[in-house]
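Labels for the chains are A, B, C and D, by order of writing; each one numbers its residues from 1.
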Amino acid sequence: MPTKNYADAMLDVLRTAMEEDPSFVVMGNEVLGIGPEGAQFEPFQREYSERIYFPPCSEASFAALAAGAAMCGQRVFAHLGLAPFTYPAFSSIANEIASARTSSGGRLDVPVIMHMSHGLLHGGGGQHSETPMGMYWNLPGIEIVMPSGAREVKGLLRTAIRSDNPTLVVTHAFGYGATDDVPDEDYEIPFGVADLRREGNDVTLVACSAMVGVALEAAEQLAADGVGAEVIDLRTLVPLDEAAILASVAKTGHLVVVDEGRLRCGVASEIAATVSERGFDSLRAPIARVARLDVPVSASAIHEAHISPSAEKIVAAAKGAVGAGAPAASGG
Amino acid sequence: MRETTYLKEINATLFEAMRGDPRVLVIGEDVAEGGPYTATAGLAEEFGTDRIRNTPISEAAICGVAIGAAQSGLRPVLEIMFIDFITLALDQLVNAAAKAHSMSGGQLRVPMVLRTQGGAGQRGAAQHSQSLESWLAHVPGLKVVMPSRAVDVAGLLSSAIADPNPVVVIESKTLYFRRERVPDEPEPVPIGRARTVREGGDVTIVALSRLVGEALAAADRLAAEGIEAEVIDPRTLVPLDLEAVVESVRRTNRLVVAHEAVAHGGFGAEIAARVQAAAFDHLDAPIERVGAPFAPVPFSPPLEDAYLPGSEDVYVAARTTLGRPAAGS
Amino acid sequence: MSGRRQPPAGPAAELDDGQALALLATMRRIRLFEERVAQLKRADEVHGLIHLSIGQEAVAAGVCAQLRGDDPVYSGHRAHGHAIAKGAPLERVMAELMGRVDGLCSGLGGSMHLVDTEHGLLGATGVVGGNVPIALGSALAARLGDSDRVAVVFFGDGAVQAGHFNESVNLATLWGLSLILVCENNGFAEFTPRSAHTNIERVSDVVAPYDLTRETVDGNDVLAVREAFGHLLAAARAGRGPMLLECLTHRVRGHYEGDPARYREALAEEDWRERDPILRLERHGVAAGWFDGDAVAAVERDAGEAVSEAVRFARQSPFPPAELIAELVYADRGRG
Amino acid sequence: MAERWDKADRTRLLERMLTIRRFEEAVDRLFHEQAFFAHYHLYIGQEATGVAVMEALGPDDRLATHHRNHGHVIARGSDPSLALAEILGRDTGLNHGCAGTLHMSDPDLGFISTSAIVGGSISLATGAGFALKQADGDAVAVGLFGDGALEEGVSFESLNMAALYSLPVVYVCENNSPGALGSAGGGFPTSVSAVKDLTDIPRTFGIPVETVDGRRFDEVHELAARAVDHCRRREGPYFIHAVTDRWAGSQPLWPEMTTGETEIARAYDEAAIEGEHADWFRDHDPVLIYARELLASGDLSRDELAELDARVTARIAEASEFALAGSPPAPESVNDYVFA
């Protein structure tokens, strides 16, 4: 199977969409991130120059523009940039896109594909390092996709483009160069179906996006210490595969939720609350959340490491849970 | 004791703050005319339109103005007419106000207050009814308060204006006009302290804003059935007085968290996640969360009524957590 | 569109020899500082996204030379030059870029978020145009405090396409605040030429509906920048504002360090020597007899030493303690 | 252009304007009878603009309207019964009661999502124009909004992009601020814009723009037809600035029918025009202005006018009955429309 990076995987899907749908449009600057992979866009750009737009610094407008076009049946892949740059577009996303279908009584579909890059950038500092999924998923009406690798990028993006709902496809800003074995042919990964990446009997590690890799690394370390960790890649946050998490917790009795977003009111909070409610009888120890510390991101590498979830922190949280020692319930 | 309303207390607090401190100014759409709910009525007459500044419908810019004014020594109180419109100012609030102190290594301070109101119940449909406190609580650097009664809105707004940080005061439009009796000399309400509204030993109910009243109504109904509920109003979401909740749960061993916002990803999830960690061995039953379903706020009255959590939902949740489900639920 | 309004008459900007040399020194310091930063970035000694203003030094120098220490200044992601020109110590700027505790922001802000309240630099933002309304707030504070401080905000031409820019111009005009908008129009918004972002060629035309006082100058001519800004500043100081100064300039480097900048042609070396604002002032100053070749060489030598010293200073400064970040979330040191 | 209309056309157009007027009066009446509760915005005083713009459009054109949408939906031809049922939150309404007054839309007639966020309709219409330009054909997009929308940043962003990409969007700014509370202090068009002439904003972007008296059907229609034609020919966007005197009964925040319901006899009987708002009925009411034109041209007799009014009134009475009789949506249906 060919080895491809995120950027290849995205281009595979975008190319197919361009071929299948003559009205498909790509809009956005640095669609494949701001790293060296951006160069991979060039042949694609030459080939489809008529249907590729580089919009002005007008996030509010071009998010709504993509949605307005979607309401007329056109599919636009709108790359909104880094996640913190989507704040200027928040009204368009929250007020216009998320509620349009409900507000029309189901008479209007908004099949817009919004794409953004998220995560700690190793020096991105305060305004370039956001992972605000805790905010986006408190917003009914949008499907949220967080691929953990190039293989997932390809399958999930394909599903997003075919979805009749607004989708938010969130790739890690550092991931574009990450490679995987990715088939050449098109395939879809269904939404709402988590991927059991590793089996284990002692503790469940739930993660998405780049944190899946970190959780797998932690699972290796735990295995060396005799703790069997099960790793679940959520793949989509909305819809969320609660059943997969609950089934795993029923087996292991212990849960560590890993998230690169912030702790308070983050993705890990909702998952912890849900499992503590619906998996109450399975749980043998408090659920631990390993998430980003609740502070603005500092430009300092030391601070960034201090606030980031890491394999070491996951291992400590998992051991804390399994050992039923002190509850490991804080972030960072 | 005197009779007042939540809205009158906001107005009176602004008058008091402006009289006491010439650095305080009020900025917002239609504020000089009093705003749609008259929260700022009369201020322009006393303090002039230099300090009570009407603005264009430009939420992003006016939030930036408040930040810059705060960084430069003023104490702006910015009104965003509906919390739904905070989305338009979110970049300024998240990327600038919340981070300025930290990013500047402590050099800058942003002592601004953002007053806004949220909640449904007035048939405002999907864009004028939301409860978005969880988003704001997700942003480190902001403090977030959510008063549930007149005396608290006065106390918390006053504390917010005095605070050296950006504070978001989320009012409830459905509480504005309710008549309340308050002491003539109310106690100050510090940011970060919960209030035990009702004591009880059987179940703890943590409720936000409008749901405090609903929780009390549920508690009365439970009391009639021999169940004593303790009702706690955190009043401040950030920083959260977690200890008050955990202390109560250690006694009652059961917890219901109730708010009007969408339950999924709501502030209730945060409380539940923290309490299950801090009081795992004390919980005798799953924490029950009461919140809105995962759908935009619908317009139609029966739909909106069904959508909005109320005392019935709190009651059912309390019965459930006690292992004594209400009939028919 | 209605014709451009004439800038208000202000006192003519007198320039003495010392001031001319000071302008040269500021530009040279910025240039050498940034060239060093580019090296240090490749060596991974400075961190994060780095945006250099090489080629645009005349704007920072020409504007800041005339400001008072208490005039609030705001900048964007390309802020090194503005910070240095406004008086921020070179070594503390360098330490900030290297993430050290002696940096301007104790290492928490980094390249895109330089703040130096002591020298009136109240903020730099990584959000395009995000500081324009904030600068307006500082101008409002000056007005309400009966101060004649003038707020200045630097931004690139890309910021003009963001909605909050237009909202801010409207507000500033409506309230008549002493704010000077300084646009560095380098023809590129991030990676894209201006023509791909708007049909409006000049930024000064964007604000035409507000009948704002506005002026467009050659931003590579520090004397022109200084003179035009001097006129605007005098009027703003007298309470007449807001105003816009558009400086047409040229960004030599890519959008950020590491940007392969394949989207445009590099300027030929010869053309660049013609336009380089530093060489231009050197040529002009020597010809006009303001200073001689020795003075020019001394400026370059001093700047080089200052930069080397800044690097030495920054390297010996420790990284900030991990706990600092939690302490600085709230001004009252409380945690959320 | 006026001569292109025959008697039947002009009667139909007046009927449509009057339908909006009677519809809005019914909305206000039903609100005061507590048949519904919501923050609502009436279109009274702007009927000629809405009807003229819709008349210039074809069936494939797309529209984005805003919080003051009732008149646009009716003018485009939606069934008043379904529209009123929507405002009353009934399952029988255009949007199953999910939209109400603020978000009402009729996708079958080309409406996309109706935003109640100021400036939202400008950005969504720009998107519709983007899609229509990509598609074959000559359909155009229309964005309807008030003058306040030009204070929001998203509007500038959208106009810039429409000009840049040469999108077929007709922007219709209905400036109803003259006479409004905010302008009392002397500011025009609103108290909170520094722009002396709003048309300078689109002009800056190179978008053709014209101001028109929004009370005059023929003038608005002539301009709208030109604007639509410009967009059909794919020559880029066009901006219509239609100025109406704000209906005297309207308060900026909460509408009040201080003018009372319109007596159609005011179209011909000067004696019927009296009271505090006589000026408005005499000089500014677009429905009466058009009715007077028809009476003067002989297209309509007084009896025919009375008959028309009776027909419209009966139609709206029927709509009210339909709306009131409609069943509310099932509470569970709140989950039905979130996702496709």
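Going forward, a residue touches a chain if its C-beta (ideal position, glycine included) is under 8 Å from a C-beta of that chain, and two chains touch if they have at least 3 such contacts.
Small disclaimer: the values here were computed from a predicted structure and weren't measured.
K.L.:
Give the chain pair, either B-D or C-D, that is connected by more C-beta contacts.
P.N.:
It is B-D, judged by the count of C-beta pairs in contact.
K.L.:
Once you find the CA centre of subunit C and the CA centre of subunit D, what distance in Å lies between them?
P.N.:
Result: the chain centres lie 47 Å from each other.
K.L.:
On a C-alpha centroid basis, what's the spacing between subunit B and subunit D, in Å?
P.N.:
Chain centroid spacing, subunit B to subunit D, equals 37 Å.
K.L.:
Between subunit A and subunit D, tell me the centre distance in angstrom, where each centre is the average of that chain's C-alpha atoms.
P.N.:
Distance between chain centres: 42 Å.
K.L.:
Touching two or more other chains, which residues of subunit D qualify?
P.N.:
93, 96-99, 103, 115, 117, 151-154, 157, 160, 164, 192-193, 337-338
K.L.:
Multi-chain contacts in subunit B: which residues touch at least two other chains?
P.N.:
Correct list: 55-56, 58, 60-61, 84-85, 88, 91, 95, 99, 102-103, 125-127, 140-141, 238, 293-296, 298-299.
K.L.:
In subunit A, what residues contact two or more other chains?
P.N.:
Those would be 55-56, 58, 60-61, 84, 87-88, 91, 95, 99, 102-103, 125-127, 140-141, 264, 294-296, 298-299.
K.L.:
Quick check of your reading of the touch definition: is the inter-chain graph here a line, ring, star, complete or other?
P.N.:
Drawn as a graph, the chains make a fully connected set, so complete.
K.L.:
In their complex, what parts of subunit C are in touch with subunit D?
P.N.:
1-2, 161-167, 169-171, 173-174, 196-200, 205-206, 208-211
K.L.:
Using the touch rule from the top, collect the residues of subunit B that touch subunit C in their complex.
P.N.:
Those residues of subunit B that touch subunit C are 25, 50-51, 53, 55-56, 58, 60-74, 76, 91-92, 95-96, 99-111, 140-143, 163-165, 192, 238-240.
K.L.:
Using the touch definition up top, name the residues of subunit A that touch subunit C in the complex.
P.N.:
Contacts found on subunit A: 29-30, 34-36, 38-39, 42, 54-61, 84-85, 87-88, 121-128, 264, 293-296, 298-303, 306-307.
K.L.:
Using the touch definition up top, name the residues of subunit A that touch subunit B in the complex.
P.N.:
Where subunit A meets subunit B, its residues are 60, 84, 87-88, 90-91, 93-95, 98-99, 102-103, 125-127, 130, 132, 134-135, 137-141, 261-262, 264-270, 272-274, 276-278, 280, 283, 285-289, 294-296, 298-299, 327, 329.
K.L.:
Can you check the complex and tell me which residues of subunit D touch subunit A?
P.N.:
Those residues of subunit D that touch subunit A are 62, 64, 93-99, 103, 105, 107-108, 112-115, 117, 120, 123-132, 134-135, 141, 153-154, 157-158, 160-161, 164-165, 336-340.
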